[in-house]
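See below for the structure under consideration.
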Amino acid sequence: MATDDILDVRGWVRIGMDSVAENTVGMSRHWEYTDGVAWFLTEFVMTIVIFGGIMSTLFVLLWMERKLLGRFMDRRGAVTSLRSLWVGEGGVTAGEWWNQLPFGTGVPIGMLNRTLNKVAGNDHELEAVSRVKNRSYHGVWWMLPGFFQNLADGMKFMTKEHMVPEKADRFVYEVAPFMIIATTVMCFTFIPLGPQIYSNDSELSILFLMAIFSIAPLGVFFAGWSSNNKYTLLGGIRSAAQLTAYEIPLLIVVLSVVVLSGSFNMIEVIEFQADSGVWNIFLLPLGGLLFMVTMVAEVERIPFDMPEAEAELVEGWWTEYGGMRWGLMFSAEYLRTYVACLLFAHFFLGGWEAPFEDTIPFISMVPHVVWVFLKSWFIFIFFVWLRASLHRVRTDQILEFGWRWLLPLSLVNLAMATALRLWVYDGINGEWPILVPILITSIGLALFILLAIDEDPAAIEANTRPYSVQTTDVASPGQHRE
Amino acid sequence: MAHHKHATPNFRNLIVRPMWMTLKTALRTFPIIGRSKWLQSHGGGKPYHGQVIDPMTEAEREMYTEQAHPSVGHTYSPDRATTDVHPNFERPVTVMYPYERLEDMEPWLFVPGNYNGRIGVIWETCTACKACVRICPNACLHMETETRVNVLDLAEEGDENHGHGVALEVGGQAARRIEGSEEAAAEFQLSTAHEAPPEEYEFGEVIDLSGDTVSVRWNASGTTEEVASSDLLGAEVDIVSGRIDIGRCMFCGLCMESCPFNSFFMTNEYDGMSTHTREDLWYEADRTRVLPVQHAEAVDRELAKRAEQARKKAERAAAKAAKSPKTEA
Amino acid sequence: MAEMWISMGPQHPMTHGLWTLKVKIDGETVVDTEPDLGYIHRGVEKICEARDFTQITTYCDRLCYASANTWSHAYIYAAEDLLGVEVPERAEYIRMVAVELQRIASHLMWLGAYCPDVGNLTGMVWCLREREMMMDLLQELGGSRLHYNFPRVGGVKRDLPIGFAMRCRAKLKLFLDRIQEYEAILDESTIFLIRTQGVGYAKAEDMVNHGVTGVNVRAAGHNYDVRWAHPYSIYDELDWTVAVERPSIKGSDCYDRYRVRVEEMRNSAMMVLEGLDKMPGGAETNHPSGDPAIIAKAPARAPEGQTGFHHFEDSRGESMFYLVGGGEGRGKHPYRVSIRSPMFITIPYAAKCMIGYKIADIPAIMGSFDPCIGETDR
Amino acid sequence: MAKEVSAQQTADAAEAIVAATNEKFGDAAVAEVANHTGGRRKNAYVFITVEADRWHDLAAWLAKSQGVDHCSMITGIHWPEKAEATWQIVAHLMRMGVCNPKRIEGRTHETEVDISNLSGANVPMEFEISMSLPATREPSVPSVADIWVGAEWNEKETWDLVGIDFEGHVGMRRVLLPHDTPTGYHPLQKQHRLRYHDFNEMYDDPQGFGRKPDDVGKVK
């Protein structure tokens, strides 16, 4: 059913698990369960593969965030390079901890350390750098300077103490982080990384995904309420209001994609885009834009950052958490951003289908999982770019924008999707006439450019401020005293 | 004072303009594309760091060559443009401190006389006048002084440095040997004694020098006494030890300005002054050193100045002596 | 939600310093506010009573640590009024250069702190990058980066260093281009305009009655500036226009205050460039530090009964020193030093201004008044 | 517009105010034109000495008729050795002439001020008003917070640091000193002397609450 791919992970795993099951259960007297056991083991191994793939590439996301944000702000971002693992002040070897390992297992580590110190040690051709014994700062670009900084930060959280606020609602306080983290990680079961790399291929996978994805706001509200801190309470309420306001337009946009692709199964959505040869972004440009905006609000990133607003709520609903709970919640936020990027890639950019799949000869040699990751990281650049350049919108402005603008637009988008599907796709026995995507994209681009260069000449010339500002009737200062 | 032309809240300003500006800033940091013209300063096309100029104009170069101003031979750009530590980053503003030092990159910020860094004292030329102790706002300078007879005064008649000691003058200090103090000092064993060494002189302030007798007010008792000038020796207040509480010092530079004998310098050293306890922040003479070159230069300058003053004073005394016999005769 | 008091306490990102703003909120709306100052009261007025006139400059540097030069010059003008000292022409020009560079650095520090208040970290890093350029210039003049101890009674500590004029012109011309980059991310960003326009209204007459002065009053549309109302230094010889916002009936809001400060940065840069050209004796010459061209002889003692005061246009408002002569040491120390801090009076007014707005507007409004707590608590 | 207010304009405005004040408050207040002694331009300003109890009337009159709209600073000075003028209060007022923009038929007008021909009541003017009280345990002066709200925090600070009370001041409290400072402790009074704290006692009990006898009860 899915396109054949040279990286048929599920096939290999299935074969491996079949032989395992036969040699074990098959030999015993419960031999008739062999197929069941093999199936279970395959699913189990595939889930681990997906989990491993996501967790390791999450560090790419974190690293991109720090370095890109640094570049947007005209600085460098984290630069500690891998060399710091074996380099210290003048080749110091951290007390040669490997000698404490039992049965001499530490010896090879010691040897490796010494050779690495000799090969890529402290000295450096630049006099200024070697004078202060280049403590792994001066990393060359292919050593990915700064990549392992996030790993180190993550491990640091494990060492931090977990303190519960004094009068906090203990049970809710402990449950909330795990609700957020568990549901966020569960989303990845329904997201395929490749044609044969998925942990679950159910008929209604998108429905499940969206359901699980929207449980986390409940955990956020629990965390905000239970930390017995006025600021976190405010943060929790703000996040509850914002996430409900943006859940509905998000679901409608996802519905429009499902309507266009004709099935609730994530893999079929991608197959539809592959078979019809047109990515959904060219059919529903408005849908793509709305999806991006609502996803930014869902994962509470800068333009819609009110629940965690530094300026007045310090850290919003996270404030009272410490240690690994805070670390996991921090990574849960980035996991949710990663889910958003992957969904955008699957819904709108044709999942694992290479840009010009059938035209370029050798492009199918590249395993499809590479395209999935490249597309989602490309989308993540937009998330970081938004964070670097926009300011924080006030809560009431967010809600007003959500209800008054996004909801109607998502309905318009849904209408467009149904019209496209029923009249255009089904009408002409099941494939897109080449003119339709070109027409829709050009109209969308024209509209965007028109809006982008629109200037209010009267406002420029009169140099007044046309913005009619609705302000609550402000009590004139000093009035409240009497 | 008009508003900014495009400051109207419309779709264009919602995302397009701010994101375009941050993109330009990001693209400028990449090595090759960062230099392209359309990326340069916003709407101006001028180089992003400003013109790279030679810091010394022609006129300045000849004027200041002899002081060898530190910025000779450096190129200058208003916003730091160069780094050799990080070649694959186009224009770093941040100075990667331990690996790059600002005084190597921008020496004109650390011209020795202008920068208020750690205090450096030439203890040899200090005459314990306590001008710096009085001027310090935070009272972080502490100085122990002692009234002593200058060793040159003890030279006998024939000795080659006779007559170079401190001359008696009004307001200065004078010393008279206490009877029997010579023998007591001779057999005093510093290593085995349990009490302080015996006083050899008693010191007093000279009130006036008219005629041959000198009226002195003894520091110890405060009584004034007429003493024959023959058995008086010149004495001076000398510094024994001084210390600076770097913990309190705010590096304002008033002590450097108030020192009449320019033996007080603010070196351009800004790091390496941290310690673990407040006691270690009390810097004795050993940690308030100045660079040897500067030290030697300052000592020579000061000694030359004092020799000049001594010579002028001797001439004046000679002239006065030459003039006064006329009046007597 | 019932009304509750939350305390935006001493350590809070909104406060730009160490003070508490207790806010009574009903849901998201601010109902009542109560400022609580005095956390870093160092008793500068009491210390100055035991220091002589040169030493007090170092304490006045530390009054407002973001604009040290403006405060030490405010004190020096008051001390010269007390001791009756005439300052040479070149020293006045050098002081004007130092004060205006410090005004730019202070406004840049404010803009850098204001951007994260409204949610954008990029603005902060850009503004502090430009502030580095200004601090380099002030480091050449004063000797260190933040506290300069630069003016002396009767003149300045040292003449413009060698090559300073060339570096100053180069940096200021570059700075005038860089301001446009801030405007691209602030003025031309709808979210910034939504967050600041129509927020924190303050009428001109209300403000003056409450003692608010300086940039905040000029933002309400009235052109009042101590530099032309009670002229001191050489502002009359430079052709500069005061940065005043266009008046609106509702008074000034956060966006007006932002506009006035950006315009003032441009004016100060132009003033310094012009001052360097018109410097008597040329900006390239370098007199030794005790030279009569840059410092005049000044009496060290002020007998009792002699008083001196001076209003000074600080980057945050109108600061003032009132000195009474005749302290210990036969007048070497002042008997009483009284310091008027513009922010000590503006912060209670700004706290009242917030009533009726949302919690998210508190940092926007408070930040737009540019509080500096060092001078508030003295 | 001209670049600054000329010395002549300031001097004439000062004369006018001094004449009006002397004529209105002949007995209670003595007004004169004084000049700054330092700086390039010896600006003129109005110096008034007034009796403490008539201070509120003078303030109200200045605010109403002379257009003084801004209380810059109120300073309290303690002269322990002068028996008849132990407590001196110096108020610095300012006439800024700042007004809301006028609104004529719906359009808000510029408040463009042509500095060169400023005259009479809208020339900016500095005032220094000094009043003193004989030696008393509770020096108090009528408060002007109701005329200029800006004076409210100045008066709080003056009471907090110098101990001069202001009748009619709503909500007098300590603003600069910690709230648990013992009552009657006002640091800027001359009996509190600055001491040099040597290194080992630098950080303990700098204000000397621990070492000094408790001031409870003794007001001054």
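Every chain is named by a letter (A, B, C and D) in the order it is written, and numbering of its residues begins at 1.
In this text, a residue touches a chain if its C-beta (ideal position, glycine included) is under 8 Å from a C-beta of that chain, and two chains touch if they have at least 3 such contacts.
Keep in mind it's a predicted model, so treat the numbers as computed, not measured.
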| item | value |
| --- | --- |
| Innermost chain by mean C-alpha position | C |
| Chain pair showing more contacts of the two, A-B and B-C | B-C |
| From chain B, the most remote chain by mean C-alpha position | A |
| Centre distance in Å when chain A and chain C are each reduced to the mean of their C-alpha atoms | 44 |
| Inter-chain centre distance, chain A versus chain B - centres from mean C-alpha coordinates, in Å | 59 |
| Approximate Å spacing (C-alpha centroids) for the pair chain B, chain C | 32 |
| Two or more partner chains touched - positions in chain B | 2-3, 6-12, 18, 21-22, 25, 93 |
| Interface hub residues of chain D, defined as touching at least two other chains | 149 |
| Residue list for chain A, restricted to those that touch at least two other chains | 72-75, 388-390, 463, 465, 467, 478 |
| Residues of chain B that touch chain C when the two form their complex | 1-4, 6-14, 17-18, 20-22, 25, 41-44, 46, 49-51, 53, 55-57, 59-60, 64, 69, 71, 76-79, 93, 106, 108-109, 111, 114-116, 135, 137, 250-254, 257, 266 |
| Chain C partner contacts - residues on chain D that touch it in the complex | 3-5, 10, 36-41, 43, 69-73, 75, 77, 90, 92, 94, 96-101, 103, 108-113, 115, 124, 126, 128, 148-154, 157, 161, 174-178, 187-188, 192, 194 |
| Of chain C, residues touching chain D in the complex | 37-38, 41, 43, 45-47, 49-50, 77, 79-87, 92, 203-205, 207-213, 217, 220-224, 227-236, 238-240, 246-249, 251, 308-311, 318, 320, 322, 324, 335-336, 338, 340, 344-345, 348-349, 377-378 |
| Chain B to chain A touching residues, read off their complex | 2-3, 5-12, 15-16, 18-19, 21-23, 25-26, 28-30, 84-86, 88-89, 92-94, 96, 98-101, 104 |
| Contact footprint of chain A on chain C as seen in their complex | 1, 4, 6, 8, 12-14, 28-29, 31-32, 115-122, 125-126, 129, 185, 189, 191-195, 197-199, 201-203, 206, 210, 246, 248, 255, 349, 352-353, 355-363 |
